[in-house]
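Chains: A, B, C, D, E and F, in written order; residue numbering restarts at 1 for each.
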Amino acid sequence: MYYHDKRLQYPVRVETPDPLFARQLQQAIGGVEGEIRVCLQYFFQAWGARGPHTKYRDMLLHTATEEIGHIEMLATAVAMNLETAPLTLQESAAEANPVVNAVMGGERPRHVVEGMLQRHLLSTGLAAMPTNADGVPFDCSHVYASGNLAADMYANVTAEATGRTLAVRLYNAAHDPGMKDMLSFLVARDTMHQQQWLAAIEELGGAAALPIPNSFDQAMERQDFSYVFLGTDVTGAPPPEGRYTAGPSMDGKGQFSVLQNTPLGEVPVLGPAREGSGAQAEQIGKPAGR
Amino acid sequence: MYYHDKRLQYPVRVETPDPLFARQLQQAIGGVEGEIRVCLQYFFQAWGARGPHTKYRDMLLHTATEEIGHIEMLATAVAMNLETAPLTLQESAAEANPVVNAVMGGERPRHVVEGMLQRHLLSTGLAAMPTNADGVPFDCSHVYASGNLAADMYANVTAEATGRTLAVRLYNAAHDPGMKDMLSFLVARDTMHQQQWLAAIEELGGAAALPIPNSFDQAMERQDFSYVFLGTDVTGAPPPEGRYTAGPSMDGKGQFSVLQNTPLGEVPVLGPAREGSGAQAEQIGKPAGR
Amino acid sequence: MYYHDKRLQYPVRVETPDPLFARQLQQAIGGVEGEIRVCLQYFFQAWGARGPHTKYRDMLLHTATEEIGHIEMLATAVAMNLETAPLTLQESAAEANPVVNAVMGGERPRHVVEGMLQRHLLSTGLAAMPTNADGVPFDCSHVYASGNLAADMYANVTAEATGRTLAVRLYNAAHDPGMKDMLSFLVARDTMHQQQWLAAIEELGGAAALPIPNSFDQAMERQDFSYVFLGTDVTGAPPPEGRYTAGPSMDGKGQFSVLQNTPLGEVPVLGPAREGSGAQAEQIGKPAGR
Amino acid sequence: MYYHDKRLQYPVRVETPDPLFARQLQQAIGGVEGEIRVCLQYFFQAWGARGPHTKYRDMLLHTATEEIGHIEMLATAVAMNLETAPLTLQESAAEANPVVNAVMGGERPRHVVEGMLQRHLLSTGLAAMPTNADGVPFDCSHVYASGNLAADMYANVTAEATGRTLAVRLYNAAHDPGMKDMLSFLVARDTMHQQQWLAAIEELGGAAALPIPNSFDQAMERQDFSYVFLGTDVTGAPPPEGRYTAGPSMDGKGQFSVLQNTPLGEVPVLGPAREGSGAQAEQIGKPAGR
Amino acid sequence: MYYHDKRLQYPVRVETPDPLFARQLQQAIGGVEGEIRVCLQYFFQAWGARGPHTKYRDMLLHTATEEIGHIEMLATAVAMNLETAPLTLQESAAEANPVVNAVMGGERPRHVVEGMLQRHLLSTGLAAMPTNADGVPFDCSHVYASGNLAADMYANVTAEATGRTLAVRLYNAAHDPGMKDMLSFLVARDTMHQQQWLAAIEELGGAAALPIPNSFDQAMERQDFSYVFLGTDVTGAPPPEGRYTAGPSMDGKGQFSVLQNTPLGEVPVLGPAREGSGAQAEQIGKPAGR
Amino acid sequence: MYYHDKRLQYPVRVETPDPLFARQLQQAIGGVEGEIRVCLQYFFQAWGARGPHTKYRDMLLHTATEEIGHIEMLATAVAMNLETAPLTLQESAAEANPVVNAVMGGERPRHVVEGMLQRHLLSTGLAAMPTNADGVPFDCSHVYASGNLAADMYANVTAEATGRTLAVRLYNAAHDPGMKDMLSFLVARDTMHQQQWLAAIEELGGAAALPIPNSFDQAMERQDFSYVFLGTDVTGAPPPEGRYTAGPSMDGKGQFSVLQNTPLGEVPVLGPAREGSGAQAEQIGKPAGR
């Protein structure tokens, strides 16, 4: 179970509220690279963790719990960036509003609204929401918790790699010193979290523990295709040489090679449509309308 | 641009059609671990590839093109497994149908229908569709193409790790020798594809090239938090020791340590609700109804 | 604006309630081939109808309004089919319930529940919901109203063609005489609606009015590709002969021909990744970590 | 920010694992009536709370944090109910597996699988996921945080009313004493949470503070329609009498009355389709193909 | 079944078309606070209404039918606001178009397009669509019809409370007198509908009929937790005092109290991963690769 | 199976990159009228094709394969249009960047960003993604493959009719000569594809083969309603005369007529709510709280 502290994990300050930056920050809340995703992903991995390694369950709970605080920081930052957003499209009314006139150095209010998520105005009362920067709600199909510990650790590296890439892009786009400061912290945490999941992968055996899942007897797979790069260039040209075209495989269990892909199967033949299946009569091979 | 061959990449045979297995195979077509996802993911990564490394664009095109053929094999397998599915809930009619009676060793037709995706009966004429095994359509938010090559390679490892885990589970669930044979091939291809993306990561510098993105000057992040595991256990108990709690970091640029998480920020204070923002009068600090 | 009559457009009777058939009927309510879709599609086409042909706006309103009544009939049918659904998984409790024991000729209650949409039990109190037969909610991206009258009419033919196919499949699956009677009416209405939209297409000029939109000067398209079937078989084998491989085109404005597809473009070259774009340093061509 | 305790808020015990009940429990995790929804809803309301009433922000944080623990309990219960789920469709293999044979008192394994969410087998390694009981992922558009405190409190009452209804249905469906015990606790918490939000509404003025939002001057609305029940029965029959057809309105600001709805507007006339808008030529009033 | 009148329920006039306001109006059509939602919600509640109170079924049909007319008014308003929207990004072409030059007092056409929903230009021919103001299609999971009459009435109050809040925000944002007039009517109808559902709740017993559902014997819930506010502040600080922290509960069946949340359960222990479940070998406790 | 050629099907050139046009092009990639949709639709129709007419399977494979190349062209065009997009909201930094200053003839960078899909900046590194022009990801429920050949052909006509309408709108909006050239090719291909599916419909019997599906004996439908236009105007006014109100039906099997819609059914009566179904006690007809 869980507890809260009303204070934030790290200070959130905004000197010059910017509704467009509020929109961009939404990607870090409800985007697929964002914090709701990692928070729920680490929680569901922890809650479903099976096996003797309860240490990973414990570790996941620590970090999942930290991530709630990151959503909180970002949601606070969005609300602060929206504080002076125009509420009207009427130029005259807006001009009469000194708060709005201060928005973004004299920008016309109408233009500010054009760049906003309209739901920030219409649905939230100038606050954050669990959507991405283009207004698409987060959907939980992005919560990866496969029941395979190694697969999950790679999913977590991916989440933090795309997450830090996003945080860096936001840092570069930002102009407010408070926002840059907040993002410098979040970038650092993403650095650690990348390291953390990679360290767990090393503990689990690293490359030698591949392929994932390692509980399947490789004698049951078609091993003549397990380390072969299949080329599909219509001219038969192989791919440019790479670590994956020759030499020992990463797991040390095979040798990479290259082969042009060719059909091993035949043209598939499905049975005809069945009586009563709603197909056209021609597909069934019967007279129409009977 | 692209070409097709009417033959399949690998033979697809079904001796005993099983509508429930058709349902399970859908996960490998339209599930987040499935083939539509990797196919589109590799294509979009290729089509958006920037930078001098055109070799990765080329490589991605080879493998993306191979994946179309995997969707094709699985779609064929689903259609074959549905060939004898009951079309009616009427026991008597079904009993009179020798095709249906042959389904799954005397199973009552009604029970067979209960375990099916209803849209296999009602929407497709007994064929595959781009949904997962519980009927949820694939949505393309799962196509990861971040513009960061290293992040994308980890996303690809993840896709193939969860993909091979799925293929192994399907292999274990399958009872038809044709299906086991087809899956033994797909498992092998997933083995190779895991290797391939990890090989690309090694080429790109491996752990030494971390953190992702490596084009951001780490001096700009709060480096005192870049290699620190933050604990959130309310008792202050640190996580069990692991590779990530002490010792050199994976990228060789820091030392792991553990710290109990504490608030560095204050209780956030948002501005009051603004006049005209649709809040309750109390939130604005004005009399109601004015 | 709109009015209602509490009576149904056509009688809905269920002699033997069947929760599995209730599930199947959901496809006709909230499936992409279903009635919510056509209802909203015709309404949005009507509400956005532009141009001198107000007759189509009028016609669409008639039929859209009829479709509300079809959703109502189907929703009623779902509720009636759910009336005796088991509420518990406990065999003993269920056995003690004569209502439940009457379900589907002695079927074990637990099996009945296995084939149900669980939300029929858990979310609706045994009533219809706006989802398809596998529980996926209808989403309004399926409402086609393109602003092009001819395109919309074809969209409507499609909706009624897949709709009647679905209604026929439900008729074939049904065992209850009341349900068969209701579906015989809905199938007939789908017959008419197919006819109706095709009649409108004829009025709009039929094939001679193609291509859609006919307000674009064809001199501005690459007309050397306007009536050419492009083959993509890697062997260069053309498609089997058909109406579309030779002879006059359907619109009478060209001659069909067949050509093997070949690249007219070059290998695309994108600019390198830009500084600050979050790519790997290698993609930008700068040292890492700066 | 947040902390965790590894122990559960309330004991979770399962004597007889049941994969079908695991499926039903998913509705309480990822359904619209479920715990992810209330958890995120209360958090986003707290994080966006504006106005002098910081007490509501504080209150919301307490309860949102409690709800994380409810998701955790339910996720644990799902994993426990899946422990003996069959992994194969092969009857013979299943028969040889004593664990599987113990499932649900001799049920054939194949039948057990038919009633399961397939992703419990294929995607999670027998653990919970953030979807509803029919496999649809939770999407965060269901997080209501409107910026209007009173509207949000009613949204919370609704969430807990549908939530307790769901919990009661699960209690009734359950057969395991451990599950009944856990649900008796969750039902009680939903009782409290209904009370809590209604108490907040009373504090905010109750009915006298209506309509929501109360910051809009009612002189600006068409008050002749503010307390009128508009009838749409085509026969002109009014609705059966109710508290809402006559007498003082709930807010004490008007008198209820009943009126038959009639059009106050005219037939709408939109402008013709514009040149270049992609309509048919007839809609634009120009010759085709120009 | 249903009938239509070609005239609108209330006049819709637009003097100065504004594509940005067209975008904002979409929230009232296809947003979660919008009219499609309430329309379908009231219909599905009516069509599934069970029990002796047929009066509520009747009442719901009246209001659901009214709501169709509201969607129609708003869709008409969107089309009218789009009438002069630029169709091109070419400044020169736009400058040559006097209609476009009249848009919004000399605004550059390109800027107008930047603030639009692109699908208004590209997908609809300048008409309304069933999406929200950020382009997300309405999805019917938002249709609440729980089978519990009281829960549904609260859901309806919520819908009309957020709906009126939205209508007020649109009124405040609007600059066109025709639009303000139309919205003054819709705001009034939302006032009535809030009243109507609250009146129904009073009829059903009001607070005394709580908790919802009232058909569950409260002796079966853990009543020691039914009226207790559980605090989760890590410092143990209780929430600020409120109506919900002490005194009689709203339903008169208990006394509110406050308690610090503490774990009553233990650390959960799941069984190990099973052979064949696709986990890593370590999770199963077997050697890798077997 | 499939092969690729690294060259594009048709040249893609961009002289003046325009991030707003990049956004508009997304509709042709991931919109419901776009190329991912037709590509997957034709593939799934081919892979599920049943019946003696293998020629249609073959034809579908040719065209589906061509469509992959169209997605590729458009994705390339999006990336090229994004090449000079601003990465920052900081006016000063942007002004110092000559690349950005060249954007769209002196446009302020901030304005350019306001009109962009934010995910083009934040999620893709300036490349295409599988979403529509308002950022909504493509979801595969739009892949129509009904198992009925004629219904599918109409679905394909619809897809190409809305697709060509979209391509024409993009052509009209475009200002870059390279983009106009690319679109002139895509418009031409849509012309052909409309023709192709209509030619297939003619081969399948055209109007005489209606209604779809033609494998259902029309004697089983309520034929007295099969060719009747049902009017729903509350005044009883019939629709304006049209091809569908009188004369022979399109399929030559009936005569069109017009009839005012009237209820043939009665007011529906559902059974009362059941004990244990979670309804209010009043709905069950029992005392509350028992």
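Please note the rule applied: contacts are C-beta pairs under 8 Å (C-beta built on N, C-alpha and C of every residue); 3 or more make two chains touch, one makes a residue touch a chain.
Just so we're on the same page, UniProt names per chain: A, B, C, D, E, F = Catalase.
Please read these numbers as outputs of a predicted model, since none were measured by experiment.
K.L.:
Note the rotational component of the Cα superposition from subunit A (Catalase) to subunit D (Catalase), reported as an angle of 0 to 180 degrees in steps of 5.
P.N.:
Rotation angle, to the nearest 5: 180 degrees.
K.L.:
Among B-D, A-D or A-B, which pair gives essentially the same interface as C-F, with more than half of the residue-number contact pairs in common?
P.N.:
A-B
K.L.:
Answer with same or different: of all residue numbers used at the interface between subunit C (Catalase) and subunit D (Catalase), are over half used by both copies?
P.N.:
Different: fewer than half of the residue numbers at the subunit C (Catalase)-subunit D (Catalase) interface appear in both copies.
K.L.:
Could you tell me the distance, in whole angstrom, between the mean C-alpha positions of subunit B (Catalase) and subunit C (Catalase)?
P.N.:
Taking the mean C-alpha position of each chain, the two centres sit 26 Å apart.
K.L.:
Could you grab the centroid distance between subunit C (Catalase) and subunit E (Catalase)? Build each centroid from C-alpha atoms only and quote it in angstrom.
P.N.:
Distance between chain centres, rounded to whole Å: 25 Å.
K.L.:
Could you grab the centroid distance between subunit B (Catalase) and subunit E (Catalase)? Build each centroid from C-alpha atoms only and quote it in angstrom.
P.N.:
So the centre of subunit B (Catalase) lies 30 Å away from the centre of subunit E (Catalase).
K.L.:
Averaged over CA atoms, how far is the centre of subunit D (Catalase) from the centre of subunit E (Catalase)? Could you give it in whole Å?
P.N.:
11
K.L.:
Check each residue of subunit A (Catalase) and list the ones that touch at least two other chains.
P.N.:
1-9, 32-33, 47-48, 50, 58, 61-62, 65-66, 69, 76, 79, 87-88, 111, 114-115, 123, 125-127, 131, 134-137, 139, 141, 146-148, 150, 162, 165-166, 168-169, 172, 212-213, 215-216, 218, 232-234, 261, 263, 268, 270-271, 273, 276-279
K.L.:
Could you draw the chains as nodes, link the ones that touch, and say if you get a line, ring, star, complete or other?
P.N.:
If you draw each chain as a dot and join those that touch, every dot ends up joined to every other.
K.L.:
For the complex, give me every residue of subunit A (Catalase) touching subunit B (Catalase).
P.N.:
The contact residues of subunit A (Catalase) facing subunit B (Catalase) are 3, 5-12, 32-33, 54-55, 58-59, 61-63, 65-66, 69, 73, 76, 79-80, 83, 87-88, 99, 125-127, 136, 139, 141-142, 144, 146-148, 150-151, 154-155, 157-158, 161-162, 164-165, 168, 171, 184-185, 187-192, 194-196, 198-200, 202-203, 207, 210-213, 215-216, 218, 220-234, 239-240, 242-244, 249-251, 254, 256, 261, 263-268, 270-271, 273-274, 276-279.
K.L.:
What residues on subunit F (Catalase) touch subunit E (Catalase), complex-wise?
P.N.:
My answer: residues 18, 20-21, 23-24, 27, 31-33, 104-105, 107, 111, 114-115, 132-136, 166, 169-170, 172-175, 232-235, 261, 263, 268, 270-273, 275, 277-286, 288-290.
K.L.:
Where on subunit D (Catalase) is subunit B (Catalase) touching in the complex?
P.N.:
Residue positions touching the partner: 1-6, 47-53, 87-91, 93, 110-111, 113-115, 117-119, 121-123, 131, 134-137, 146-150, 204-205, 209, 212-218.
K.L.:
Hey, which residues of subunit F (Catalase) end up touching subunit D (Catalase) in the complex?
P.N.:
Residues 165-166, 168-169, 172, 234, 276-278 of subunit F (Catalase) touch subunit D (Catalase) in their complex.
K.L.:
Applying the document's contact rule, which stretches of subunit E (Catalase) touch subunit C (Catalase) when the two form their complex?
P.N.:
For this pair, the touching residues of subunit E (Catalase) are 1-9, 30, 36, 40, 43-44, 47-48, 50, 58, 61-62, 64-66, 68-69, 71-72, 75-76, 79, 123-131, 137-141, 143, 145-148.
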